[in-house]
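So that you can tell them apart, the chains are marked A, B, C, D, E and F in the order they are listed, and the count of residues begins at 1 in each.
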Amino acid sequence: MFAVEVTEQIMIAHSFRGEVFGPAQRLHGATFVVRAAFLAEQLDDNGIVVDIGRAHDVLKAALAPLSFQNLDDLPQFKGINTTTEFLTKHVFDQLAEAARAGRLGRNGRELEAIRVTVDESPLARASYEAPLW
Amino acid sequence: MFAVEVTEQIMIAHSFRGEVFGPAQRLHGATFVVRAAFLAEQLDDNGIVVDIGRAHDVLKAALAPLSFQNLDDLPQFKGINTTTEFLTKHVFDQLAEAARAGRLGRNGRELEAIRVTVDESPLARASYEAPLW
Amino acid sequence: MFAVEVTEQIMIAHSFRGEVFGPAQRLHGATFVVRAAFLAEQLDDNGIVVDIGRAHDVLKAALAPLSFQNLDDLPQFKGINTTTEFLTKHVFDQLAEAARAGRLGRNGRELEAIRVTVDESPLARASYEAPLW
Amino acid sequence: MFAVEVTEQIMIAHSFRGEVFGPAQRLHGATFVVRAAFLAEQLDDNGIVVDIGRAHDVLKAALAPLSFQNLDDLPQFKGINTTTEFLTKHVFDQLAEAARAGRLGRNGRELEAIRVTVDESPLARASYEAPLW
Amino acid sequence: MFAVEVTEQIMIAHSFRGEVFGPAQRLHGATFVVRAAFLAEQLDDNGIVVDIGRAHDVLKAALAPLSFQNLDDLPQFKGINTTTEFLTKHVFDQLAEAARAGRLGRNGRELEAIRVTVDESPLARASYEAPLW
Amino acid sequence: MFAVEVTEQIMIAHSFRGEVFGPAQRLHGATFVVRAAFLAEQLDDNGIVVDIGRAHDVLKAALAPLSFQNLDDLPQFKGINTTTEFLTKHVFDQLAEAARAGRLGRNGRELEAIRVTVDESPLARASYEAPLW
């Protein structure tokens, strides 16, 4: 299996509800370093999984509504703990929709899976990987 | 599949028996950067795989008996080459026991697998991943 | 000149006032990776600049009041843009006070300078360095 | 499953044919940081997957014909876009042949798979993983 | 002294003349990770050294003529070994001109120095630092 | 001022004497990532500070007597705490002798200073910098 992975980053504020979160129940924030990996069994005629430039663009587009925002205030996250894990799946869903719609410049059927990894710090990260079909 | 991964580190001394190890047959040492990833199909009601704080605590507890030790002197490693590969499995076993016993704050049955990665230097690492059940 | 440098991290929320900041005028946040370097011309009798354990403790103590906070709400930062640059100097001031008071376990007069580096992301950082005396 | 992963690097020139590559159609170059991971279900009698020294040697040997070369001029790549993805598979093929022939110092039948990861920059990478048998 | 440092990257081809360069006399290439640090004694009224966005823009502008190029073909480098060291000074000169002309959004007289660091690989880098006035 | 910096690594065992070291008084070990920076005001006729290949060789030669050793057993370190700080100066001395003797392939008088940085872990490092003349 081939994979191509690109990296972007965002800076956000948020808070969590639930005693398990301890001091992270307070309003705080994070720099999220977000990597998106696109997986395919075969390369296309150009010798690529997907165009790296397009992969960056699709990832940037998925992250733009979150960038420099307080996630607690965004309607799409109302009542949700925007944990690092949750965000990996949220970004995955945006990327999967783009991939299935061919917005990565390749027939989406030729892509197998997507993996999103989010580093919240050098010492902690989360990831989500799932097949596209 | 979701994963949450946390990082700790230890500094140890050890030596290896076997010609394949060359100069590493002499007493030497390593800084091991140890990452533990916990995998689950579903997030819990808080939106997490496991609490990151607890994950750090369980990893620290697994590493504490090794920290600032000459592994050649520890009774649990008598007659064993404590290679980086061996240690990934050793740490996995500690973490798996904690996970199955619910010490990560989540029903262990809801966790699928654990992956332990140990960097012995920027240029070499080992990992071990296995299902929990 | 010798230096010893230790690393800690915090996650905070804040916002900036001033058109120059563009979208960062909105409430957002950051993971700050903070490195503190202590500089000395000579090592002490133990062969160290300062004890690394104490250096970590002093840096943690300087960062604790900021950790998991909205810096906009802290009285000590009222009316201030808590930029990455500003925070390097803020942390420097805490460390310098500790160093001068001997809380690093060495006569402060034997330390020459302190340098604080704060990474706000893998692509941007700030630092502040100044002599202690 | 156990894995051992070693890292080497090369600096090369090349160009791509195809409008999708935009400015990368021009002759340019890259520092490729190449990681090779060897996977096995069981450790051998020494407690290792493969000897790290041999793993480095086999990876170096796979990369040597590319090092400080313009890949456009190499006969083995005639008419091929030497994309990062393509190169992961090219290196995999060299390593797989070495593994199957026992050149890693272990019966190749005891190795399960190989994964090659190539970072073309801190913000983009490709990988290829496949079973050996 | 305060500093703000931003990072960009380029991919280029080039070759060197001189026996000291060994195999690097052949046409090859590099991914250069370029960091530009701007130094000032005082922060401005916004609490910054220079606007990070502008710093990125000025660095990108300095690198754009080199990006995806064979440096051997560029008229500005005719007869020159475009070593990593040489490029640090080349980028410095572009940034210094921008700083002195106020294109970083601050009176250039309030900036003290610039430092450019270029990583040619994880194992080798060069830097150039000089005062602006 | 120009600088060229190269990186090597070693794995060693050692122990410290003195209560300040706490558990590090026990025999333990470290992976030391060692960077050596050579500083010069002017580039030579080839456009370099020193040949990167020679810089690697000189650094490797300085580290070879320590590699895969228990530093407590080496006669040159008898009665000495081989702290990270101490080792930065020890490596500096070897490099300075090589530089002054012209073993870096350049008249030593044209080099201004050397800086040695040793990372003992991702969270702690030491450095030593001094002029050569």
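By our rule, a contact is a pair of C-beta atoms (placed from the backbone, for glycine too) under 8 Å apart; a residue touches a chain by one contact, two chains touch by 3 or more.
It should be emphasised that the depicted structure is a prediction, and the values quoted were computed from it without experimental measurement.
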**Prompt:** Which chains does chain D share as contact partners with chain E?
**Reply:** none
**Prompt:** To lay chain A over its twin chain B by CA atoms, how big a turn is needed, in degrees to the nearest 5?
**Reply:** 120
**Item:** Over-half contact-pair match to D-E, picked out of the listed pairs A-B, A-C or C-F
**Value:** A-C
**Complete:** Chain centres computed over CA atoms; the one at greatest distance from chain D is chain C
**Complete:** Given over half shared residue numbers means same and under half means different, the chain C/chain E interface is different
**Item:** For chain A paired with chain D, centre-to-centre distance based on mean C-alpha positions, whole Å
**Value:** 27
**Asked** For chain C and chain D, what's the span in angstrom between their mean Cα positions?
**Response** 41
**Complete:** By the touch definition above, chain B meets two or more other chains at residues 122-123
**Asked** What chain-chain pairs meet the touch criterion?
**Response** A-B, A-C, A-D, B-D, B-F, C-E, C-F, D-E, E-F
**Item:** Touching residues (chain side chain D, partner chain E) in the complex
**Value:** 9, 11-14, 23-24, 26-31, 33, 67-70, 73, 120-123
**Request:** Please name which positions on chain C make contact with chain E in the complex.
**Result:** 16, 18, 20-22, 80-86, 88-89, 122-130
**chain D-touching residues of chain A, taken from the complex the two chains share** = 1-8, 37, 43, 46-49, 51-53, 56, 105
